[in-house]
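Order as written gives the chain letters A, B, C and D; numbering starts at 1 within each chain.
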Amino acid sequence: MKKLINDPATLIQDALHGIAAAHPQLRVDFENRVIVRGDAPVRGKVGLISGGGSGHEPLHGGFVGPGMLDAACAGEVFTSPVPDQMVAATQAVDGGAGVLHIVKNYTGDVMNFELAAEMVAADQGTEVVAVVIDDDVAVQDSLYTAGRRGVGATVLVEKIAGAAAEEGRPLAEVAEVARKVNTYARSMGLALTSCTVPAAGRPTFELPDDQMEVGIGIHGEPGRRRVPVAPANEIAEMLVSPILSDLDYTGGDGVIAFVNGMGATPLIELYLMFNEVTQLLAKNGIPVARSLVGPYITSLDMAGCSVTLLKADDELLRLWDAPVNTPALRRGV
Amino acid sequence: MKKLINDPATLIQDALHGIAAAHPQLRVDFENRVIVRGDAPVRGKVGLISGGGSGHEPLHGGFVGPGMLDAACAGEVFTSPVPDQMVAATQAVDGGAGVLHIVKNYTGDVMNFELAAEMVAADQGTEVVAVVIDDDVAVQDSLYTAGRRGVGATVLVEKIAGAAAEEGRPLAEVAEVARKVNTYARSMGLALTSCTVPAAGRPTFELPDDQMEVGIGIHGEPGRRRVPVAPANEIAEMLVSPILSDLDYTGGDGVIAFVNGMGATPLIELYLMFNEVTQLLAKNGIPVARSLVGPYITSLDMAGCSVTLLKADDELLRLWDAPVNTPALRRGV
Amino acid sequence: MDTKDLTAWIREFAGLVAQHKDELTALDSAIGDGDHGVNMDRGLTAVVAALEAEPPDSPSALFKKVGMTLISKVGGASGPLYGTAFLRMAAAADSVLDGAGFAKVLRSGLDGVVARGKAQPGDKTMVDALGPAVDALDAALASGAGTKAALQAAADAAEQGREATIPLVARKGRASYLGERSAGHPDPGATSVTLLMQAAASTLGS
Amino acid sequence: MDTKDLTAWIREFAGLVAQHKDELTALDSAIGDGDHGVNMDRGLTAVVAALEAEPPDSPSALFKKVGMTLISKVGGASGPLYGTAFLRMAAAADSVLDGAGFAKVLRSGLDGVVARGKAQPGDKTMVDALGPAVDALDAALASGAGTKAALQAAADAAEQGREATIPLVARKGRASYLGERSAGHPDPGATSVTLLMQAAASTLGS
């Protein structure tokens, strides 16, 4: 294992110190491993928190700031944070208008956020609403699974719901916006290589040199199937088709198209993939209204990418375009 | 080789189409492989162009936009662009106040930009000044080498000189600012793994699982020495020490500290490295005035990082803070 | 069994998990995300430290401390599940437990896991080891077995339950993403529950 | 030698480079960035296409087209160097060349490489093959050798010059970054120049 770390046991803490040093506009609660917007709590504004296992950077800490998250909880690598962290984050951002919990749909995340909400309800009386993100079409959404995983849509939810909160909208409406994004977003990912969890020290799965894993999760969870490595245009097809067969994207105001890098894939390849994706969308009569290309929700050092498509309307586009000022996403300010 | 590409021969062209699709505010000249700011030429403003081999994205195309570059030329992977491209870029951004060529110090880049300048001089009479960036302390700067390589400082030069040009300053002054950044910036890089050039199809160099290459170039050029893999704090020392022994960083207004990812290194590790770097700087009495952490000048799928330190003063900090609106760096707009 | 005995049980469980950490992680790599051993070990190390720092004075206080610590330190799916189990056990525990009392406490823990995780028997989760263990404990006690023997029966049932998860297709937790590909591997959580029950059999009852 | 002969030379050079593309790239991987073969092949493929599309009508026009095409297509260090060499050759070429005329043209090319790249003999660059080749061509012609034999001497000298780069420490180009570690490998550019001279020996003179 080759990593720029001192010790797997201190990785998160060391990285949090780096985040604090690089972004003085953020506050880092090292004990609770919570990254907080410097001016939190913002009086009268709905607070947005999210969090999850580490190893997906810039998600979530890189999206803390005006116009997006108020706080993010950093769990151990690929392990959901503990309720104490969500409680601390909720307290830190509670400006009197309630707090939205943005939860990626993994059993651990859901249960830990649930416990946190129970603890907040018992102790403080802050109003908390949780929205669970489940956009990954690689997983069958049925009674027989834990349901779809939350992946790329999380970034879009945090941006768009963050903008809604910044407008001063009440908790119920902000939650509604978040749910709307989740309802109209679908994702599908692919790995060319495995990631290596520092504490494990070796690749999570073995993937032969001529194979790739389609439908991968962001924790190295195996995907739908293994297929021989293919050219980018075929890969784009493998990612876009299942999305388009899951949701009717025609007839709206186009899509917000998001091509995400898994961590070890160079940007030049992501742009190339974005080209393939837009061509497929054009073929299907779906205009691209906005785009995002880059490593925004990663899986440590995994090579690969994911595609997220959000069916947009006027409101979503306006909120998408709203100013945001975070380490990883910034515009208009 | 596992890459998200169709064919090494069409990689650059395919990626340029992706860039054009993702960033409608840019203009892409596909024939010449030049990425141009949408509103170029800006009347009365000095034009800034740069360019180099592809494979370092977001450098340079990701830094085209108001406040930074006016155009970027994309060469083949790791191969300097040809003069026709620089000529086309120069023409596209010539707003009547002359054009600055920002050239990384590699024999090929220098000669191709030189030829381009000769061609421009013969044909158009646009005033061109070239500034050569050579900040890599891994290379001995002596009569016996091609001189130091241009690496991380390039990003800082493009940002800071871009801001100077945006202020309406004349060509000579903008060039002076660019030279000043280069004079006060030093870099040092390290590879944990080799990159793989798509056309070659296999890693540029072999690096055993327990070794790393210190002083690596951004094209997979071998570095100063191979050493056993080490913890991040020792790695930071290996990168920061040679920089500090090369330039006296004390007594200024602190540094702009830039920890760069080589392409395949996760952001969490870069933040961790940034923490180590700031601690070393603190030990040496050097305050960090500004920071930049992320993959900004990459080497395809190489794992590793580089550190760039720019000794700052009021002017450089002011220009660093100035608004910029490019795909990879944006603030204040 | 008093607070001291039950503390020994928890310590033994922590020891077994530390010992089997890599195995648990390897099992979780096959059908999950490869952290179950690390998660449980982190939590139980914190539990042991907490019990040493401030030894609890009743079974209820002990279980509460174990539950709170696991919730605060483990994260993932197993943190809330084990944590909820111990909190429920705390609520159900008298100051001294006989075999039947322990069985009642353990069933409360099982109920907590089910309430929190909504898993049914056969979903390929820790429920598939804990459920049979609790049932076997009840049955053995009902048929007149001594506490020690009954706990051994419970541990054996947990082990069998764990073995029985191998052919199952997971319907809960990360392993469910794998669909059919989850079959052929034992469930990591069922494996750590087996250690919990083995620790009980070796430390509790006389 | 007329335009047709010289065109044959260039085509033969293109063919040899295509054939040795991987070898050139491998040499450049050892002490550079692994693209010399790819670069030269891309440029010469374009040259051959350009010559086919519009056959030049004089040696000067031929060399100019070769030089411009290499400049426009190769990039890297070798593009401007080879390109400048051919542009200088164009300026020096008469409409028909004898051995001495060819030698004069080739020396102009060498001067162009040196003017552009500022390399001195012994810097471990293409100059270390091209310089000896031009000198050997002059010497052979001066000692009365026929053009064919003189070109063969020049090719041999290029090859020896290339071999002589092996122990050298590079002082120009990417290989210079390696310092002492550049010793022990032949220079890629000197290798492609050797192919250029071998192509001349096999296609020019009678």
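In this text, a contact is a pair of C-beta atoms (placed from the backbone, for glycine too) under 8 Å apart; a residue touches a chain by one contact, two chains touch by 3 or more.
Here's who's who by UniProt: A, B = Dihydroxyacetone kinase subunit DhaK; C, D = Dihydroxyacetone kinase subunit L.
Model, not experiment: these values are computed from the prediction.
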item	value
Any chain that touches chain D and chain B	none
Interface with the most contact pairs, given as the two chains involved	A-B
Chain centre separation (chain B, chain C; CA means) in Å	55
Mean-CA-position distance for chain C and chain A (Å)	32
Distance between the centres, which are taken as Cα means, of chain D and chain C, whole angstrom	76
Centroid distance [mean C-alpha coordinates] between chain B and chain A, Å	29
Multi-chain contact sites of chain C, meaning residues that touch two or more partners	none
Topology of the chain contact graph, where touching chains are joined (line, ring, star, complete, other)	line
Every chain pair meeting the contact rule	A-B, A-C, B-D
Of chain A, residues touching chain C in the complex	53, 75-84, 106-108, 111-112, 114-115, 138-140, 143-146, 149, 197, 199-200, 204-205, 217, 219-222
Footprint of chain B on chain A - complex, ascending	2-7, 11, 14-19, 21-23, 54-55, 57-58, 62, 192-193, 209, 212, 229, 231-233, 235, 263-276, 278, 288, 291, 293, 295, 298, 300-301, 303-305, 330-333
For the chain C and chain A complex, residues of the former touching the latter	25, 29, 32-35, 38-39, 42, 71-81, 83-84, 116-117, 169, 171-174, 176-179, 181
